[in-house]
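Please find the structures below.
Both of the next two complexes hold chain A, though its partner changes from chain B to chain C.
Presenting the complex of A and B:
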């Protein structure tokens, strides 16, 4: 007992700087990565609009004749009105829901599954890796739009078809990067050490390798959000997008021909919304990569 | 709507519109065709981008005046909206119409404005009785190309062409070709005796016997083996086919042996593939093309502001009627329910929103025809909005407003969706209905929803643009092209009236019968609810002279068009 007391007294903890609390750490990260903070704010806003946009919008997205059709931005209609007299601001706020649903599910199902397969293939190698990589090559040779049109023919023009086709497109997107990173991790000394003490391969994979490549997964997925939104917008631009109010849809078709005649507001604001979210997701991805990659730490 | 292949034609038509839509001579009009690119609305209306200059009710804006020096040998440059899948006129409406107006000749044609048949290749037409008539042919020769090699057009060519066309499925000729035309006898090289299976007062209309598609005169050798036309085209029309680049950038040259001496004035027609509307407008402004269809009135105003007096803009009424089709059975069997829907629709709002204020109320037959009910009649009948009465009528029935109903419409196509959206909003707001919008790919929409009556409450679409009014009232018959009525309308009286007007050979009497039929259909609250028509806009450089507008497709058979660039 006496020894214990003596040893406690011998070390003065006051000299060890206390670890700052998470608010301070977050503030420091925000100062170090202002672009990432901007991206985070945009994405948080996007998620909030995606979840509660319809409730927050001053008018229902599809309500007609809320004012004079094609009226420009004003106090009552900050983003103006479209041809049907629908409030553009409300459509952007409500339209975030469709973009959010598509982006979330496409990234979750597509990029998420793809990431898992890439890591799995990278770690276990052999036939698993072979199947995953050859499948990726096969998909790369298949035009995404053709795949979408096939699915559309089979399942009809609905949201699920769009999500599945964008998801499949995202399946093998970051797959190879993660595979490469996993191969690097697999050959690290800590893996050998784990193996030496008798850990099972599955345990090593789940407990040691996966957590080390997970930051990269987050980075890839954040980038995939932007890609998914762009893909949805592209489909909508071709008239193949969702039938509900969406940013891509509002930038295409009749709105586009109307915008050419000077009513810029009908397409510019949905365009800004898309650009912001894509930019935000990419900036956030970059910042996360900088934060988690020790080689890039300042 | 009485056409057997009504909507099959529409499929092909959409290719023309969205696609091949060529600016035939830029001079007059697409009559059977509307055109549509950006808006895909298919009514040849505000969404048209491929039409050169559309048909209408106006007189020619740049007529050839007496004493004016006609400058022959010019080249007219037209826009081609999309690539043709095949140049064979039997492969689709797009190629069929394009060549029908240029490369092939026809026996007769019935212009929209007069409704009176005019002879083309036919030197005379004598009708012995309602089911027999004799056509005598003028002297004419085919283009100097194999296999016809400039030989004379004979009665056997007419027989082979028309009887052959009646068997074609892809060009989707009207039911007249299969259900009315029996045969053509050719007692000599200049005489064709037409035998009909039954009386049809619309025999000479341009959607039946006067069709620019099925009525094209093709050399007998080719008519018996139409696959020849996958490779080359030989006719006896004003222009001769010269070349194409995989279904695009067509070049035609004047037929020097055309049966009308001194015509056509133009030496060449060149079609330039320009798919994007913005690019087409730029090409027009740069005078790379001589005419362009305009998407809406805003484009028209902008172009007028930019180019002013150097261009001529034609704004004419479309003949595509935007329809709200409900059902005559199930929840909608009660006439009061359908009447409530009639009264709950605010057509003036539709004109404001869908047509940017440029449109008109329409009865079953659009206002362009003499058979249409007058504007005042339409205003008081089909065009009337009375929300209070609509609510009262609906409340008096057992109609379940807590149930969710649906509107099926065509995708892609922004304007189709806009129209469906407007109908949905109005019915929800004025009647308290709950409505779900269901966009369907055109093939499914056509074959299952429309033809197969596979819809539970509403289906919305614009009709085709026809040169004759009979096509618009065929939906009131018990069967449409051999299929049960699409809206499950089974009404002996209306069916009888539809059949009867076909047998009235006197034009005035028939016109009255068609007008009365529409009024009776309104009284019975038929499930085909016409709403509005839009206005089509198209621009042409003023150096394009001799244009004919206001005569439907007839203007496209114009050999007096010329280009005078000074």
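Presenting the complex of A and C:
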């Protein structure tokens, strides 16, 4: 990027340094927020495993007898083998898929529509806002698990039931925060100024209010990924998830009984995988909030 | 205040009514799972199926079913389970002390440790202690509770050849020692996630309060550091703490299910799970209603406690 050249004006503009280009600014942000960078890397890895895990795994997830059953971690099987001789590492790599699908849809649909309704309701208010707020209050009396078990009774065990019940939690979680933030922004002086110079309501909303709340949507979504994965793996652990290889499921049932007899590697590695992804999501969310929320900036 | 409390109190049955209507009709949506399928196979004739449906009371129009159910519940009759035909109430009565104890212990642990650590980290802001506890909190919020419970079972058996007791609920008043030996370690771990959240909230609220002028005044009039932190700092941070406490109770209301599963305890969570998997409508309906009533009442009490905590709070 070219520096501003000197002009004949009273100021010597040549001394004003140009804004560094975006790769540099990104590098600086990464340096200032190492934990956030770690979270970003973990989440990118998670997305890659979620999309291509089955191709990347050294063994198919369900292939039996890839070695001596229950053998501990070794070079050819870094996380060891379970009681069926399945490679634990491969099961973790391919098991990311289920977590990814559920977390993606729950966050995309749930937190996304929650953000949409929260921003619209916060700015324009009226009946949408009223309905969403009252449903949110009713939902607050519903623990997530109760909602899920109720929906499961009605619609049986399938992926949609899981995504919907986790998504509803994400919807009301993000909705309240965004609504509050939108109301704060709506009452700022710059909005009044925009109105005074004759901007239409729509323009004020699109050009002034929306850009100020959108970063918060990204913050909420990156934190919501972790919450969704925690909920999903908890359900899988209870045997309520899909029957395919998944992290939570691999820690329950026979694997858990086997682990009780001393074969810790069967359940510990999937648990570390879940914890790591949730940790990454939390760290990234915290870092993004620090970067975008000027009031928290030190 | 009294006006507000009464209005909120009137609001509780309204929400409870909405919740029970929603639950009742969602379970009976035309495309929902048919509970009769639980008791039939390919050899069941149409007459047999109709007989089962009639026995479960599912042959009547939905509105009539609802009227019968709500009438029974209002008279204190929760009906019989589909699965065994046993009355629902004794099954609940037998199990709820387990859940109550798990809830009480884990929420208690998360609150006590969360607030204590929050105060320590806020007072010693940016010290090694502060960083240590904050790292603990970030990890505590990321590790799934069931993973911690699994580690509790797996690791001591490897390291010390000791395994914590599993299964066999003993009522607390019958044998406090055996009871606590079973429940204390897992509930402590179940409270870790909550403690981490509570610590972060307490810390940030306290730091906010520490900046207020009245804190300096309290110091200037000669109160000791400890008195200032507890009587002025903590007192003014109580509202968000109590709010989050309510959130923890809601989250753990059936969160004990994880603990019941790992430690083979037959509590309400397990009952709920089995009933949901076998489309046992009367049980599911009641448990949803029960949690809605309990949590709404708790939220009301929390809202009213704000005025006790902070006399400046006025209800309209």
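By definition in this document, the second predicted complex is superposed on the first by the 280 of 298 C-alpha atoms of A that agree within 3 Å, B and C clash if a C-alpha of one lies under 4 Å from a C-alpha of the other, contacts with A are read in each partner's own complex, and residues count from 1 in each chain.
Here is the rule we go by: contacts are C-beta pairs under 8 Å (C-beta built on N, C-alpha and C of every residue); 3 or more make two chains touch, one makes a residue touch a chain.
Being a predicted model, the structure only gives us computed values, none of them experimental.
Following the overlay on chain A, a clash is recorded for the pair chain B and chain C. Of the two partner chains placed by the overlay, chain B and chain C both lie in contact with A:238.
In the superposition on chain A, A:200 makes contact with neither chain B nor chain C. Of the two partner chains placed around the shared chain by superposition, neither chain B nor chain C is touched by A:188. Look at A:74: by the touch rule set out above, it reaches neither chain B nor chain C.
Within the superposed three-chain model, A:85 lies in touch with chain B and out of touch with chain C [touch as defined at top]. Within the superposed three-chain model, A:153 lies in touch with chain B and with chain C [touch as defined at top]. In the superposition on chain A, contact of A:251 is made with chain C only, not with chain B.
A simple residue count on chain A separates chain B from chain C, and the partner touching more is C.
After overlaying the two complexes on the shared chain, residue contacts for A:140 are found with chain C alone; chain B is out of touch. In the superposed model, A:274 lies in contact with chain C only, and not with chain B.
Remark: of the candidate stretches 62-70, 98-106, 260-268 or 278-286 in chain B, the one overlapping chain C after superposition on chain A is 278-286. Once both structures are placed on chain A, chain A residues 152-153, 156-157, 238, 240, 252, 256, 260, 262 are touched by chain B and, in the other complex, by chain C. Contact residues on chain A toward chain C in their complex (touch as defined above): 137-138, 140-146, 149-157, 226, 230, 233-234, 237-238, 240, 248, 251-252, 256, 259-260, 262, 264, 267-268, 271, 274-276, 278-279, 282-283, 286.
Contact residues of chain B toward chain A in the complex are 38-40, 47, 277-278, 281, 295-296, 298-299, 301-302, 349, 352-353, 356, 411-415, 417-418, 421-422, 424-425, 437, 439-441, 444.
Residues of chain A touching chain B in their complex: 62-65, 69-70, 83-85, 152-153, 156-157, 238-240, 243, 252-258, 260-263. Within the complex formed with chain A, the residues of chain C that make contact are 15, 18-19, 23, 26-27, 29, 31-33, 138-139, 141-147, 150-151, 153-155, 157-158, 163, 250-251, 253-255, 257-258, 261-262, 269, 272-273, 275-277, 279-281, 284, 287-288, 291-292, 295-296, 299.
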